[in-house]
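Think of it as A, B, C, D, E and F in the order they're written, each chain with its own count starting at 1.
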Amino acid sequence: MIAEIIISALILIGVTFSFIGSLGLVKLRDFYMRVHVPTKATTLGIGSLLIASTIFFTIHRGTPAVHEILIVLFLFMTAPVSAHMLMKAGLHERLKDVNGEVEEKLGS
Amino acid sequence: MISVAINLGLAVMCLCLILNLIRLLKGPSTPDRILALDTMYINTVALILLFGLRLERAIFFEAALLIAMMGFVGTVALANYLLHGDIIE
Amino acid sequence: MAVLLIVLLPFIGVLLAVASGRLGRRAAAVAAAGPTLVAFALLMSLAPSVLAGEVLVLSRPWVPALGLTFGLRVDGLGFLFALLILGIGLLVIQYAYFYMSRGDPLWRFFSYLMLFMGAMLGVVLSENVLLMALFWEVTSLSSFLLIGYLSDRSAARRGARMALTITGLGGFCLFAGLVILGQIVGSYELTDILASGELIVGHDWYLPMLILVLIGAFTKSAQFPFHFWLPNAMTAPTPVSAYLHSATMVKAGVFLLARLHPALSGGDAWFYLVGGVGMATMFFAAYVAFFRHDLKALLAYSTISHLGLITALFGFGTAGAAVVGIFHIMNHAAFKASLFMTAGIIDHQTGTRDIRILGNLRRAMPYTMVLALLGSAAMAGIPFLNGFLSKELFLKETLTAPMMAGTPWLLPTVATVGAIFSMAYSVRLVHGVFFEPGQGKMPKEGHDPSAGMLLPVAILVAICVVVGVAPQWTAAPLLAAAAQSVVVGELPAYSLTLWHGFTMELLMSAIAIGGGIFVYTQRARLYDLAHRIWPGLTGGAVFEKTVELVVGAGARLTATLENGSLQRYLVLLLVMALAAGALPFIQYGFSSGPQELTPTNPVAIAVWALLVVAALATVLTHRNRITAIICLSVVGLLISIVFVYLSAPDLALTQLSVEVVTILLLLLALFVLPKTAPRESSRLRKGRDIAVAALGGLGMGAISWAVMTRPQDSISDFFLEHATYPVGGGTNVVNVILVDFRGFDTFGEVAVLVLAAFGIYTMLRYANHTFVEGVPDTADDRYPVVLVSASRPLLALILLMSIFIFLRGHYLPGGGFIGGLVASVALIMQYLASGIDWANERMRLNFRVVAVIGFLIAMVAGSVAFVMDLPFLTMALLGMDVPLVGESDFVMTLLFDLGIGLAVVGSTMTILSELSHMQEVEPYDEAQRAKESDPWKP
Amino acid sequence: MEALIASAIAVLGGCGIYLVLRERTFTVILGLALLAIATNLFLLSMGRVAPGHAPVIEEGIELSAYVDPLPQAVVLTAIVIGFAMMAFVVVLSISAHFVTGTDHIDGGEHTQ
Amino acid sequence: MIGIRQRILPQPGFSLVLWIIWILAHESLAPDTLLIGAGAALFLPALTHHFWPEALRVRRWGKLIKFLLIFVYDIIVANIQVAQLVLGPSEKLRPAFLEVPITLTNPLVISILSAVISLAPGTVAANLSGDRRTLLVHILHTEDTEGSIERIKERYEAPLKEIFQ
Amino acid sequence: MNHWIALPILLPFVSAILIEIVGRGRIAVRRGMGLASCLGTIAVGAAMVLLTRHGKVYTYALGDWEAPFGVVLVLDGLSALLVALTGVVSLFCLLYAMNRHDTRGKFFHFFIQMQVAGICGAVLTGDLFSLFVFFEIMLLSSYNLLVYTGDKQSLRAGIHYVILNLTGSVLFLVAIGTLYGVTGTLNMADMALRVSELGAEDIALVRAGALLLTVVFLLKSAILPLYLWLPNVYSSAMAPVAALFAILTKVGVYAILRVSTLIFGPEAGVAADAIEPYLLPLATLTLLLGMTGALGSTHLRKMMGYLIVASLGTMLMAMGLFTETGIASGLYYLPHSTVAIAMLFLLADLIGRQRGPEDDHLVVAHMPKQSGVLGLIFFVGAIAVAGLPPFSGFLGKMWILQASLPAPQVVIIWAVILSTSVMALVAFSRAGSLIFWKGEEPPKGEPPRGDSQMGATAFEFLPVVGLLICIVLYTAFAGPVAEFCTVTAQNLLTPSVYIEAVLGAQR
């Protein structure tokens, strides 16, 4: 029962963060701001879901179901790189920020 | 209770994907679109995990892992394309 | 056996003549004459038995299924024709040796000539009618070569083409007719056909068959309206005309009439068609001949006219007429060949054949004059020459022809008027050339040629005279034997004597001779008149126009249809497919199956909506290519979700990895190609495309719906049952199918991958590229440190995952292909992060070799089974157990899967590294690029 | 569910066909990619619809419960072959663009 | 000896990580899993060694663990903050680009810093200058740019420097 | 074990692999292996023809899985004929390519072997999806060979060819899918059984599948209206490749014949004669339009391309009768036209090279240096292709005419065959007289351009003459061949023979 609650909670937390990320993606007003949200919110979202999954299958099967951790690991390794590369692309494309300015300081 | 959470989760994730697609279509810039695509990949991982939970079958792990990997590679490739005009050199 | 040799010898002569190519004229002549002589001798050896009325038949099977045998037959008719072909052939060879100019490659001429001779012998000696048709066409082909022999003259080329087309056309018709004939009789052997006259004439197919056969005969024998090719064929060297256009090829048509006379004659159709065409041709051509100024043209029309005469005789359908026809064939061959040769001598010695220019040659060329005089007299039908005999018999036959009850005067009148013109042009030929003074100067002052050239003419003329004086002792036995083959039953009574008393036909002959002389005296007025009323269009011109029209129309039609537009071909394909898919549903109606539908849910609907939107977005954004690529990725991602949902995790994995590599490919392509596409379709075309697309999509969807709603009964239960241990040895049934049950497909798939890689390598290496370079790079860190750093551990990590996925494939989603793609992605990450040179330096792998080795491993894995005499790709090698690892089938599938994986890695990496490599070498030219990017914009 | 799948096939196929009928190589390639996806989904649907019954044998599940695995194997092969063809046609279009100077599918031969 | 070790086991720590990952992936401690995993874990670093010449050594394990804990805490807390920011009126956000001067030299460590910054609240590492001296960081909301720069340097750069250099 | 049935597939595959592994950088080794493989294919093909001449059907269950579950190779007269033909044509193309073509790039021999393997696999497999896979191997090899030179023309043609065929492949999959969806099997013999047992409710669906499949095969075999791509593609490929391509379309013909007799024959229940009514009219029009194209062609190679179209029309007309003699005569015509056209493609190359810059353009140009011997071969080849006597083409047409005599459409068939024969005559006599009779001497003083004044070597003539000899032999031995074709046709019209051989007495 407790496990059920925990799993359910983790699922809900996970999807909530994912949702916030996606919402931010639509809502925020310039590209640079939009890059933030999904990177973080979704990683946390996925993280929660994966933990939920781990607990669920561990209980369900009776043996440790831990391979979901790999996905978390992988996402945590790659998400910042993706964000970095997107930022660089944005700068390179000379996208305007929310104030209509182009960040010139470091070029691309 | 778990199944309610899972179903709710699935619905929310679908909503997420819809939001992502909206951004992708709206753009306005190509980096925006790539960003939206990247987010879609990650949200898809979530969706598939939830689906696995719902079926109570652990056969979707590889798919989830692969989506994460491929999403990353795709994003990097697209960003590289914008940065250098080509993606590798 | 001798028969076989007779037919084969000329073909041996062809080879000999070709072989004599470098040995000179004499050798070529010997190569031609030798086999001809031998064949002639062989033929003579058959003479006693043939003249005694025997029919020699030799039959060898060839294609029983077609009723085609290699059957030869020597009877009187065949013997007569073979005699003409070989005898006159010898004379022509002799004549040609002197006639042809020194510079000519005589071996070629003689090889053509021998080819023709062989074919002609084949026609007249065939027992099987299909074989005869076969030889028949070869005569057309070889005559094409002979007529066009003087190929630098456009008239020669034209004449040759015309002759080939007309006689070839006739040949096909004949052939068709003979096929029907054979079907009617049930046999293609002449023996059977000749014995089935009544059956044939009474058969439903008689008329079409007859018409087809007659077209063959008429075209060959230049009967109206197919006559025009013959005058145009006069561009051939004169020996050719003497041989083909007097004695042999044109006689093939009348030979055919004679040959099939017992089987086909007797009906009204035969009489009106053959007799009518013959008479018309005889009259018309005689008239035209008179007005020709070219010696050979005159002779050509004269030939047409005489052939008409012979045709008419066969057309009368009576035994008597047929005998006369045969007789005239013999006579005409003799005098016409001599006349053609004479014309050739005149041409050869004076340099012209124009009767108007020629003149007064009687002193310069006395021998020639005598020969020409006798030959022409024979042609005109003057007594004491052979032509007189057969012509008088002809005139007699016109008086007694059947079926002319209503108008008995018609045939004799036409015949007589024709004879008048015949006399007139004969007089003209002699008088105009040898006696009348010529207008203008001849190119050369003529004199008699060497004896070698005159000899053949003399021989022929001698024959004319001898036959003319003493027919009973010369021509009679041969005629009797030949006639026997043409007539059913007993030969009719006929008399080969000079004097039959004062008869109607004698009167007609006299009228003809007198009238002819009178007409000739009126020639100036007649030429003038004819000049004014001469029709502007000749048969030849009409023919040429027609051919030009057909060719032109063909070219235009082809250019219109094959307009080089891929869209048209694609639309045709799709419309065709639409029709194919829709037609059955239109015919039989569309119905859903009874299967209960699977309940749907909001998630599915959402994914569906996303998929639809993304697909539409790809279409809508296709002009902005990078956006379209991104939209396509979304489609790929969503379809993977669909695959997962539809219980196909392996497909999802494959789709995902393929999708990402495809995106890489497209991005690489986009680097080179224009970044945007112009608007260029017209509204109409877009409308059409949308309609086709919508219908096509609907079609696919409809079929899918129809199938999904039907209950299923498939062979797949077997796979589910047997996939697991001990048979298939895995739990992932899809993988077991791929590497075991249907390993052959997978094996083929590996081949496809390797092929693609090699092809791409070839294209990029050997395509004649003008390279364009990349965008000038402004980024200060070309290889972002963050990316580089992450890519390092990721390499090992992803490779680890690739091994993981590869090894698990048999039990869980995964396998060699996906493992290979994941490994490729790990390596590509290095390219992406650090550049191709850096990465390649560290890999030092020839990926093409990797690909081939993968292919090899798959091959080996499949071939191990041979050791145990099990079929290729047998994985479960019973009784084999590999230490440590386990059962042999697992090892084999793993090995097979490894081959697949390596092939995938090798191919994918070859493709991607070649593509990336290409972009390094290119010099950059912005202006050029801008121009290239869109040449379609104004 | 069947209706969703069928209509998705229809949309994907239609979009693919429309793009295949355009006049630039790149667009045609996009169309082929869409068309390939549509075809794969079509082939998969030939094994009927059975969500949640992936043909990975597990203990305690009846054999008849699994979805038909054969179309999946077929689609897998089709995907791989399609991928090879896609790579080939991409490079072909690049080569043609290099050599002819245009990315028009008719190589500049044909104008409307 | 070192040569052989270098070739067979160039990165023992990394091999260990890979082995663990392998086991995690298989969720099994069966002997064949362990054996094949060990093989792969030994083989892959050796295979990919050329790609990764600079090894990274952790000098202070204790600091690393502490840093990780802080970091996880930061992520959770900051995610909530970001969530609030996103859900709130977006007009209020004051985003900015920060130029963070860095003293780290090892590119791998710089990358770790960049990753940490990106995963951490409201900041994304946007660009590294060509001389690797300045990291351009985009911050979602800040009232005080200088303060934010300081916070990054002190909370993340400093510990990393201690751990690895 | 009948391992030899797999040989025509494995042999070229293995030699392709070895060519790339052992023969890297050593052209002699590559050539030797290529030739050995082709000779081997001929030998096996000949043995297959001999073995199947009495109508026996052999099977080989790959992977030791019984049909219909595994993929099974099936050898009957039809497949044997195509295997042997493939061996012969590829051998001579390879010989010709050894003069200059195979050294231009790395993988020529590899591609050729893969092409052979693809064709042999396609004609031997008894499984519909394997047929697709091997079609793709065959096609991809042909794409590679087509664009091998990388010149403008071949790349342009390549784009068309590849895209069209990729679309065709999509259709192929749709067709296979539909048939699987209805019947639940991929094995053709099994499918034949299952199709015949279908209920009326599936009639439209199964017929749609049949017709879609036919459309795909019509595309491959270039039948109206899907023939327009062929002339340009074939005339853009280099000569030995174009010559080899002459056989590709025949695989399409093979496939049509196979499915229309085996699966959708008269005994196919609701799908009975699903394909039959359409073939004859389409083929007839194809013949007409193909020959019209040949007549209107401005280039020799393009003319050859149209002649291929015409020859396909001819043989499918015969097969479209779906009678024993009809199919037999079509089968007899098939190898003839393949070999004759392959020879003419090689010859066109020799001719074109000696005509200076005009190449094979049918305008007045330099007289070919070796006009004598080239003209002679052209004459003979043209005769063969046009179906004039004395060669096998004439026998083939003769048989087709005989076969169509009982058909209700006999008048049209005869009219078309006879008139197109005349058209071929006109086309060839025009082209031949233009090239060999109307040529101008190369202008004196001007240095010879390229190799236009170099005669072809004996080794270049060898394959041309070799193919010519094949035609002569095919004519001479028409009797036994015709018997073979008759037996094969009987077999095709009695699908139960094939089905029983594949499935045994299971059902």
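The definition used in the following text is that contacts are C-beta pairs under 8 Å (C-beta built on N, C-alpha and C of every residue); 3 or more make two chains touch, one makes a residue touch a chain.
From a predicted model like this one, the values you see are computed outputs, not experimental measurements.
In terms of the stated touch criterion, the partners common to chain A and chain F are C, listed by label. Taking the mean of all protein C-alpha atoms as the reference point, the chain centroid lying nearest to it belongs to F. Work out the mean CA point of chain E and of chain F, and you get 62 Å between them. Here the CA centre of chain A is 70 Å from the CA centre of chain C.
Each chain gets one centre point, the mean of its Cα atoms, and the points for chain D and chain E are 40 Å apart.
Chain B and chain D have centres, each the mean of its CA atoms, that are 21 Å apart.
Looking at chain A, one finds that residues 23, 35, 43, 65, 67, 70, 74, 77-81, 84-85, 88, 90, 92, 107-108 touch two or more other chains. The set of chain C residues touching two or more other chains comprises 564, 566, 570, 574, 629, 645, 649, 668, 670, 700, 703, 707-708, 712, 714-716, 719, 741-742, 745, 749, 752, 755-756, 759, 763, 767-768, 779-780, 784, 786-787, 790, 793, 797, 801, 812-813. Shared interface positions of chain E, defined as residues touching 2 or more other chains, are 21, 25-26, 114-115, 125, 129.
Here the touching chains pair up as A-B, A-C, A-E, B-C, B-D, C-D, C-E, C-F, D-F. By the touch rule above, chain D contacts chain F in their complex via residues 20, 25, 28, 32, 35-36, 39, 42-43, 45-46, 70-71, 74, 77-78, 81-82, 84-85, 88-89, 92-93, 95-96, 99-100, 105-107, 109. Those residues of chain B that touch chain A in the shared complex are 1-2, 4-6, 8-9, 12-13, 15-17, 19-20, 22-23, 29-32, 34-36, 38-39, 42-43, 45-46, 49-50, 52-53, 56, 58, 61, 64-65, 68-69, 71-72, 75-76, 78-80, 82-83. Chain A meets chain C in the complex at residues 70, 74, 77-78, 80-81, 84-85, 88, 92, 107-108. Of all residues in chain C, those touching chain D in their complex are 563-567, 570-571, 574, 595, 597-600, 604-605, 608, 611-612, 615-616, 618-619, 622, 625, 628-629, 632, 635-636, 639, 642-643, 645-651, 654-655, 658, 661-662, 665-666, 668-670, 672-674, 677, 680-682, 685, 689-690, 692-694, 696-705, 707-709, 712, 714-717, 719-721, 723-724, 731-734, 737-738, 741-742, 745-746, 749, 752-753, 755-757, 759-760, 763-764, 767-771, 811-813, 817, 904, 907, 911, 914-915, 918, 932, 935-936.
Interface residues of chain F facing chain C in the complex, by the touch rule stated above, are 1, 3, 6, 10, 13-14, 17, 20-21, 60-65, 68-71, 104-107, 110-111, 114, 117-118, 121, 125, 127, 129-130, 133-134, 136-137, 140-141, 143-144, 147-152, 155, 159-160, 163-164, 167-168, 171, 174, 177-178, 180-182, 184-187, 190, 201-205, 207-208, 211-212, 214-215, 218-219, 225-226, 228-229, 231-232, 274, 289, 292-293, 295-298, 306, 325, 328, 372, 379, 383, 388-390, 394-395, 398-399, 401-402, 405, 414, 418, 421-423, 425-426, 429-430, 433, 436-438, 478-479, 482-483, 485-486.
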